[in-house]
Amino acid sequence: MEYVLGAHQYGKAETRLVRIYRDTARHQIRDLNVSTSLRGDFAAAYLDGDQATVLPTDSQKNTAYAFALDKGVTDIETYALALARHFADDIEPVQAARVEVDEYEWERVRVGGGEHPHAFVRASQEVRTTTATVQRRAHEQRAWVLSGLRDLVLLKSTGSEFTGFLHDRYTTLPETDDRVLATSLTARWRHARPERDDWSAVNASIRQVLIETFATVHSRALQQSLFQMGNAVLAAHADIAEIRLSAPNKHHFLVDLSPFGLDNRGEVFHADDRPYGLIQCAVQRADAPPAGPAWDAPGSFAG
Amino acid sequence: MEYVLGAHQYGKAETRLVRIYRDTARHQIRDLNVSTSLRGDFAAAYLDGDQATVLPTDSQKNTAYAFALDKGVTDIETYALALARHFADDIEPVQAARVEVDEYEWERVRVGGGEHPHAFVRASQEVRTTTATVQRRAHEQRAWVLSGLRDLVLLKSTGSEFTGFLHDRYTTLPETDDRVLATSLTARWRHARPERDDWSAVNASIRQVLIETFATVHSRALQQSLFQMGNAVLAAHADIAEIRLSAPNKHHFLVDLSPFGLDNRGEVFHADDRPYGLIQCAVQRADAPPAGPAWDAPGSFAG
Amino acid sequence: MEYVLGAHQYGKAETRLVRIYRDTARHQIRDLNVSTSLRGDFAAAYLDGDQATVLPTDSQKNTAYAFALDKGVTDIETYALALARHFADDIEPVQAARVEVDEYEWERVRVGGGEHPHAFVRASQEVRTTTATVQRRAHEQRAWVLSGLRDLVLLKSTGSEFTGFLHDRYTTLPETDDRVLATSLTARWRHARPERDDWSAVNASIRQVLIETFATVHSRALQQSLFQMGNAVLAAHADIAEIRLSAPNKHHFLVDLSPFGLDNRGEVFHADDRPYGLIQCAVQRADAPPAGPAWDAPGSFAG
Amino acid sequence: MEYVLGAHQYGKAETRLVRIYRDTARHQIRDLNVSTSLRGDFAAAYLDGDQATVLPTDSQKNTAYAFALDKGVTDIETYALALARHFADDIEPVQAARVEVDEYEWERVRVGGGEHPHAFVRASQEVRTTTATVQRRAHEQRAWVLSGLRDLVLLKSTGSEFTGFLHDRYTTLPETDDRVLATSLTARWRHARPERDDWSAVNASIRQVLIETFATVHSRALQQSLFQMGNAVLAAHADIAEIRLSAPNKHHFLVDLSPFGLDNRGEVFHADDRPYGLIQCAVQRADAPPAGPAWDAPGSFAG
């Protein structure tokens, strides 16, 4: 055979799992979307159709459910790491396991001023994310953990300008010293070490730093806002090695109402769908430990 | 011509409009999706391609923007009514105008414990809705207003059963006295009169009644929960004539973990996508004023 | 109780069912999305939580699967009618049953110039639809059948104008005698009688008439195109009582390239997302039999 | 500043562009979604908010439109390369430009047995894709071109098994020697050289090879099918260096109808939504030229 099997991986994507803690009358709920992905000694399945080393994706799904009961889901990072370590440790052909978890947040229903013990309402459309990657086993084992968020929709109604940019022959955009700046932020940050017990607290703090910095930085461009946001996160959290930010510029165009005798001074906008600007950057410590395979998300494999 | 033009209407759908109030340093934001629809003397456009009576949908869009500046958007009901009245009053061929508005809610960013004056974060994925319908003009004019919400996602982790149901030859479902009950509620309620100045306060109160009732009723079926929710709204608000509720039963299936030696006592569930139950009902006052065309939504015209 | 239970219905939505015919080596496939909805004597479930008359939605799902095997799916109309008649005939509390079916079309894979016997590729994103409604039983039974299609995306690159329209103070749209006309058509037509054995052939013919008429009519407005399309269907099919058409005007805006020294004579367009015009009309025979509940789709119940 | 700006890029995403050729009465249409992304000397924008080197994303959009008129869109690869080369050649701070284009296919409407000259209907939901990446300028310039497709939905109703797989303690899946195999294929292939004039013909041939191989290989696992599909493409096209395939295993579960006295021998299936298997692999020539940045898609930057 003159053709070579290149990179390959397989797994079970989007297992929708709800874990309820009901040890006391005050229930708790964790609502997850779990995707597992294995790399390793699986070439025979591709080359010869021989499944002898292939753990079915159905078994991976079962494991996700079983671990949710057995190990629990105190936070998604701990859960994802446990699951990834299990695949790396216990399934012989696996050389690397990646577990990605999205979490949807619920709030308690308030009744008569107090919190209801077992009724919940979905909070924001924002999603918490994690990716745990574990390579090899025993003393050779290495692990990486990313945490993040998606669909955090932010808007500033002033405090944003866009001036002094490069002009080429296709440039018609006027400069502006006061515009609406809006985005739907995706952010992921890499923890310097995969061991910690304060995942949720750290992540909540980082989220707040991102939001506060977006709000308070006078923005000369979305690029600048993003870098300041990343900077602020690293400044506040010594154990974060790197942060990556991807931010669509959700354009809000001022509507020209002068044909109708109206002077629209930044009050009525058209929120456009497409196209949108897309700004992406990483901010990292100069001495950050290497990222290894932490960012090799399965979703991007073939586009 | 032996064939007859039946019901017909036209308009501009989904004008995405953001209104910012910036009279003081503490900005306010209203984020809307506006759809307008006109009925009236437009048969010639269909029969002969004669546009003489047809106000372009582009003009309807312009009007939506202009009114957002000129009349403002204190609440979506007042705005929708003003727009619908304008079309009915001022555009000669119009016999009935309907304006549907969705509103997306934003919260202020909190910085250092206080509210930021011009930075916002999208709140829940829940959507506020209204439909204003206005027929004819001058002393013959009639108006109807619906308010509502969509995508209010609720879940109870206990306090729900499903027993004693009809069995036929295709029934295999076991009875259960403790299940997860979850839905993504769509609710719309009809105001007895189209004139009021407390739209937002009333709607917030109704939303809270719906949520509290869902939480506190021990549910023998989603049907019962919905009726109780509707009942509670009518009991609390004498000026609401009718409420309609549409609720998918978002099934959460208990995962069988016994093959793995685990006893899953209501702790780990699979949140399924499709199929889903769909329960719908109206609750109304015995003496409710007639609904007229209030519920004839354009979206349902041809399915 | 002073509040009244109004209209109510319940059922199982979106049962995703694939029926494969494998009696010979040349398999056939029918790919369906089935939704069932029942009306009748179910008030006790809402009022008291008493399920004694309630056939579980799970049983409705089971019935959809069982009928797909037992009765087969020669075409979606026959299947939907059989299912609706079963609920009306055999489930005592049911007074009316509605079955909606979407069908996704597959084409055979071509290999070496011939058709493969058991490999298929999804054809267009277009969806075939039907709604069968059956009321009461025995000699009192009545049935109505709608057939239709959704997401039939059509475009004319010329042969469309928009001139001579009404101007008000908010009108800025210029007239045009040559524009791109594009839509994503939803059409549903009501069969004069629910008994026929040529559903698929009739529906294919109607689809072709719709497309040909869209193509060949010089359009003075989308309204005119729609009416002509409906007319042509009624003219070609004496057993169609009525047709309803809903057509977004998917705007294609000519891009102004003159700042770059380019003369854009109808060659480069921006395909916009929102807002869009929305044109809807019914065309019916003057002597059409009454529609009864044929058009009361569950989806529109509460918006 | 102790924190470092890492990888960064920016551009305009999803410019929805329709190019119509109307030189003769028989029009042609190209329907595109264009995303441009620039890397280079843009650090000052992030670090200081200085836009002096930043070509606005609005200008990038204008360029996409202008090139569609000026250079035309004979095929998406030629168009994407021209656009990427322009950014790399003519915009001083740019060190690398990537242009991604999706194309939606239209078919001519057939009227009276012939093809209509200017009326079109959207074909399959399948999307053609390309990514052109250009680094540096003049004699140092390098270019890479990927072509591909997305949402090619395939199904085999027999000729697929899954047996002999690894069992662990969480494995409950039964073996099967006859199942439905279905996927929604994403495939991208890298051309050995960026210069060719037969893009559309080559891509159509590759698509056909993928489909035929899926159909004709007796599948012992989706992994095996994918590798064979990649192999066949490389065997048929000496100028393709590498192909990557990403394939969800769209599970079709046999419905147990035995409680209803029915024997379901592979005839009725539930088409499930989530979770799904996800199988991904690359197949490449042993002597393939290096991929460089060809696969670094912006979409995967932060997840």
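All chains are identified by letter, namely A, B, C and D, in their written order; residue positions are counted from 1 within each chain.
The working rule: a residue touches a chain if its C-beta (ideal position, glycine included) is under 8 Å from a C-beta of that chain, and two chains touch if they have at least 3 such contacts.
Keep in mind that this is a model prediction, so the values were computed, not measured.
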{"item": "Chain located farthest away, centre of subunit D as origin (C-alpha)", "value": "B"}
{"item": "Classification of the subunit A:subunit D interface as same or different, half of numbers criterion", "value": "same"}
{"item": "Inter-centroid spacing, subunit D versus subunit A (mean Cα positions, whole Å)", "value": "23"}
{"item": "Separation of mean Cα positions, subunit C and subunit A [Å, integer]", "value": "38"}
{"item": "Multi-chain contact residues (two or more partners), subunit B", "value": "15-16, 62, 66, 170, 172, 259-260, 273-274"}
{"item": "Pairwise touch network: line, ring, star, complete, or other", "value": "complete"}
{"item": "Complex contacts: residues of subunit C adjacent to subunit A", "value": "169-170, 172, 259-260, 273-274"}
{"item": "Subunit C residues touching subunit D - in the complex, by the definition given at the top", "value": "15-22, 27, 29, 31, 62, 65-66, 68-70, 106, 109, 111-112, 116, 118-126, 152-159, 180, 211-212, 214-216, 252, 255, 257, 259-260, 262, 264-273"}
{"item": "Complex contact set, residues of subunit D against subunit A", "value": "1-16, 35, 37, 42, 45-63, 66, 90-91, 93, 129, 131, 146, 148, 150, 162-168, 170-173, 186-188, 219-221, 223-224, 226-227, 230-231, 234-235, 242, 244-246, 248-249, 274-286, 297-303"}
